[in-house]
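The same chain A turns up in both complexes below, where it pairs with chain B and then with chain C.
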Partner chain A sequence: MEYDENGVSIVPFEFKKEIFEEARKDFRYEEYVRGCLNCGVCTGGCPPHRFFDFSPRIVLQNMKSKDPELIWTMMDEYIWACFQCFTCAMICPFLNNPGGVIAILREIAVRRGFESAKKVLKPYSRVLLKLTAYGNQLSPDMIQPDFFPDWGPHIGYASTDLPTKRKAIPMPTLQVTNLAWDVAPETMKELYDIFDEAGVFKIIESVDPSLYEIIQDIVDDVRSS
Partner chain B sequence: MAENILVIGGGPAGMQSATLLADLGVNVSLVERDSYLGGNPKKFKYKFLFPDMQPADNVIGELIRKTETNSNIKIYYSSEVSDFKENGKKFDVTIKSPNGNETKTFDSVIVATGFEHFDPARDAKYSYQLFDDVIDIKDLERMFGEGNVNRPSNGQPPKNVAFILCVGSRDRHVGNQYCSRVCCTVSVKQAIELREHFPDCEVYIFYMDIRTYGFFEDLYWEAMEEHDVQIVKGRVAEITSGPNNTVICKGEDTLLRGPFEIPFDMVVLASGMEGGPQSPEMAKKLGLELDEHGFLKPQNVTLAPFKSNKKGVFLAGACTGPKAISDSITEGGAAAMDAYVYAMKNK
Partner chain C sequence: MAMEISNRLGLADIKSDYIHAAGRKLENIHDELLELEAKGEVKVIHVKEENKPIEAETLFGWKKKIPTNKLWHHKSCGQCGNIPGYPVSILWFMNQLGLEYIDERNQTSCTAWNYHGSATSNPVGLAAVAVRNWHRAYELGLFPLFHCATTFGDYKEMRNLLVENKELRDEVRRIMHKIGRELVIPEYIVHYSEWVHVMRFEIAKLKKYDLSNIIVTVHPACHCYKMIPEDCIYDKEIYAGKRTAVSTGIALTLGAQVADYSTWYDCCGFGFRHILTEREASRSFVMDRKIRPMVREAQSDVCITQDTGCTTTLDKNQWIGKAMGYTEQVPVMADVMFAALACGADVYKIVQLQWHTTDWRPLCEKIGIDWKKSEDEYNAYLEELKAGGKTVNLYEYPLTK
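Entry: the complex of A and B
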């Protein structure tokens, strides 16, 4: 890798072109990118547009420009500002799907293990681990003050004395804090088969190799049980 | 013996055809669905017309008077064509009127059944019919005609007004990909009229493209330079209710401000033109072709724009697509010529 005088890596144009071609070859591309009149309806209806310098109109225009440089500029932060709510696709008068374009670009970032994808997916490694180990997405012990600050100011209090609080819930719980519900080993095996087929394990390997190792051990254990 | 020609539709186009043919000595039967002549401009009480802001009465009133006083024209009000049969090169037509049915043989036929305004309630994002202060250009035209352009919600003069262009046009969601051609100019005209009527009222136009084609462009510049109308590039994505009985337009100013949410006292939707139910109705009754936009289809849009696919049946005005009154009148004359030639040849 080459670096400029500020130590920032220089990405060769050929590579940017390859990324663009990969997006353009996606089977959804033709359906998502049509004519665009720069009307701004998509952006006007886009929730994050109110908070960030982010615009689905720009995403679609960049795509239509076929300029690998412009598309590359979105790969780092831009595409991760989208909520994937698809309001844009619902309201575009010309039936474009900027959110869909973003999904295509994100999938490339994940498949290729780009730094941006690693950074964004980091907070979810706990969720992935929980899911692969227990078939649960969230469990009480995952409520910790340093994670998910967006859960509000009472997260600190909520995370203390979990076993007691758990018992106080007036309906049947498993009386444990590491599980929300029990999942049968057969179900777990099926889940792994789906993950295999859908390439989920490969994705985890590329964005978080150490997590992948831990998960592989768990998967092997369950599969051989 | 004089020729008999049938004109269906008594708007600007139909009236022009009828009066010209009558002046040539043709016996014209004019069938009009409504109880009055004048078409959409009369129905919605247009007061001043673009491009030169002349009183609509100069044009529409004048055509109505000429039509109504010409003894060669028999006008059937509140009527319709109930039966249509080819008879060699001629046509046997039954006209159903409040006075009963009448069947006549015509040498040729002109269809001038015009357009309908797009109903903005069909596009939920504009909240038309949900908020009293969201109206459209035909409503405003009628309000000017009736002399009251205050806010419908409370009868007060508006402090700011937004026009939103391309409502029901250039939008695949509502099924109309075409441009309605006149709504930009109508909006610019009405923006000027509002500024003149309420000098303290701010007027905004939200656009995707401004299509004041040809000389209509003069009005666009006048709106900007002489009347300080604010022209903002960006189509409004949503209209919601705001504080103090306002309506909020939410969208992206794609050139300057980025995201905006502006409360307005009144919003005017530039609804476009559609072929309406009458176009398919005519197509079915007379055996004509419809185009993919829902208007009647000329045999050749460039070479024979007034000829239908059926020999002896001619088309004029907005029934073949959105257009201004001047174009509709021009076509009324041209179709009259075609219809006359056909009638003469087959005498």
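Entry: the complex of A and C
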């Protein structure tokens, strides 16, 4: 890796071009990037635009420019500001889908294990573990006051006497504390096969190798049960 | 400054003959799906007579059959983990109406919350998970009903991608073969709020309380009406067909007032990743763009939602607003939970409002619900369970693997 006088890594133009080509080759690209009037309706309605340096109009314009340098400028934290609400896609007069373009670029960032992606997703590892290893995402025992102090004092309700309170929910599937619902082991095994075949486990390995090892231990246990 | 609100109330029930087409001309994916079925390319889960379908109109005036019976519940990982009254209220209504369904352990998350937050999946992974769950409903002879708006949006997208891309179909078919399943696609992707919408007149027959003094503000979920917008219910008698009709429809049918507010179209601030790892963005959005306008412009008594993430984000992020001097508060719940309250469902055992953080007791008192009695009974019930008592379930596990 080359570095400039400030110690910042210099990314070769060829690599930036490769990233752009990877995005353009995605089978969804033609559907998501059409004509753009630069009208800015997408940015006007974009929720994260109100709080972040982020504009779906710029995303579209950069993609339309076909300039790998401009597209590269979005591959750091920029693409991670998007809320994925698809307001932009709903209101675009040309039926562009900037949110969809963001999804393609994010997929590339995690697939290639970019440092920016690793940094942004580091605090997300607890969720990744739960989803990938057990087949659902938010479990009741994750809602702890120390993780969500900004949700107020009542959030402690969910962390006291949790097994009894969950048992009182009149749906048998929900009477567990470590999963949103009680997923059958055979169902988890099918999910693991899908993740293997679709390359999802490989993606997690590239973005968080330590987490991948923990997940694989759980997967091995469930598969051998 | 005092806001003039009288002209905002009642906007929801303006009627029109105008069909909102939004200037779009898209392929009707339903017709393309049936063509693929005719060629033997895919199997289709059809809406049958036994599903007792009720027809609704979508954005372009296309017809969508909403099955109301013999349903397979596709639960939401956010709802079940965090807002249990959401799925319980759906099942409670189905019991009240004598409808058949299955809820079971043989279901995975759609994994789309994770995808939109972290991108750690891809179209093949998302489509294979979708088809895996669809096939489970298919082999039981049931029609799948999706509880979460992100599942609804993701599955609409996956259906479209599968119909339009042979390579994706072939890859998903290969994976399904490996896990002993087939490539099946439902004739319609149906969200629970659509079930509530078409059943609203039946639900209203169960009404126990007068809601005429209750001011409702509706927060429509982005992944319901912005993802694949053409496949979302619109009704010329609700907002003159210019906004999605779901959730507003049930509130109006139950006799509540639905008030407009200037930021109705904004998202909730969930952001998929932001709600967990960049919460200052979510909570600022909640207070500035949603809760304050709902309270200041509409004097809302309750915010009605139709999605997991929206309910969580809008409910949980109000308390912290006090640190910035924001005093506006409004209870948040899904349309089906509000309807269950109106129809006399127990506040604690069924609607499970005890898990919510923003105070919902003033709403109950305004409706005339004795929440304290319900709380006392619930606490006694918890003691019974601790002593080894059995849960009174809405249903028992079916005999499935």
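Rule of thumb we're sticking to: the second predicted complex is superposed on the first by the 179 of 225 C-alpha atoms of A that agree within 3 Å, B and C clash if a C-alpha of one lies under 4 Å from a C-alpha of the other, contacts with A are read in each partner's own complex, and residues count from 1 in each chain.
Here is the rule we use: contacts are C-beta pairs under 8 Å (C-beta built on N, C-alpha and C of every residue); 3 or more make two chains touch, one makes a residue touch a chain.
Since we're looking at a predicted model, the values are computed, not measured.
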After superposition on the shared chain, which partner residues are touched by A:L60: those of chain B (first), chain C (second), both, or neither? neither
Tell me which partner A:V110 touches in the superposition: chain B (first), chain C (second), both or neither. second
Between chain B (first) and chain C (second), which does A:P93 come into contact with in this model arrangement: first, second, both, or neither? both
Touch test for A:I19: chain B only (first), chain C only (second), both, or neither? neither
Chain B or chain C, by number of chain A residues touched: C
Quick check for you: in the superposed arrangement, does A:A133 touch first (chain B), second (chain C), both or neither? neither
Chain B versus chain C as contact partner of A:D182, first or second or both or neither: second
I'd like to know which partner A:G45 touches here: chain B for first, chain C for second, both or neither. both
Applying the touch criterion given at the start, work out whether A:I71 contacts chain B, chain C, both or neither, answering first, second, both or neither. neither
Pick one for A:L37: touches chain B only (first), chain C only (second), both, or neither. first
On chain A, which stretch or stretches are contacted by chain B in one complex as well as by chain C in the other? 45, 50, 93, 95
Using the touch rule from the top, collect the residues of chain A that touch chain C in their complex. 27-28, 45, 47-48, 50-52, 80, 83-87, 89-90, 93, 95, 103, 106-107, 109-111, 117, 120-121, 123-124, 127-128, 131-132, 135-140, 142-143, 148, 150-155, 157-158, 161, 164-175, 179-184, 186-188, 190-191, 193-195, 197-200, 203-204, 207
Quick check on the complex: what are the chain A residues that touch chain B? 37-45, 49-50, 53, 55, 57, 91, 93-95
Touching residues on chain C, where the partner in the complex is chain A: 23-24, 75-82, 84, 87-88, 91, 103-109, 111, 113-125, 128-129, 132, 153, 161, 165, 167-168, 174-175, 178-179, 181, 222-223, 225-227, 229, 265-267, 269-274, 276-277, 279, 281, 283-285, 289, 316-317, 319-320, 349-350, 352, 354-355, 357, 378, 381-382, 385-386, 391-397, 401
In the complex, go through chain B and note every residue touching chain A. 125, 166, 170-173, 208-209, 233-238, 250-254, 258-259
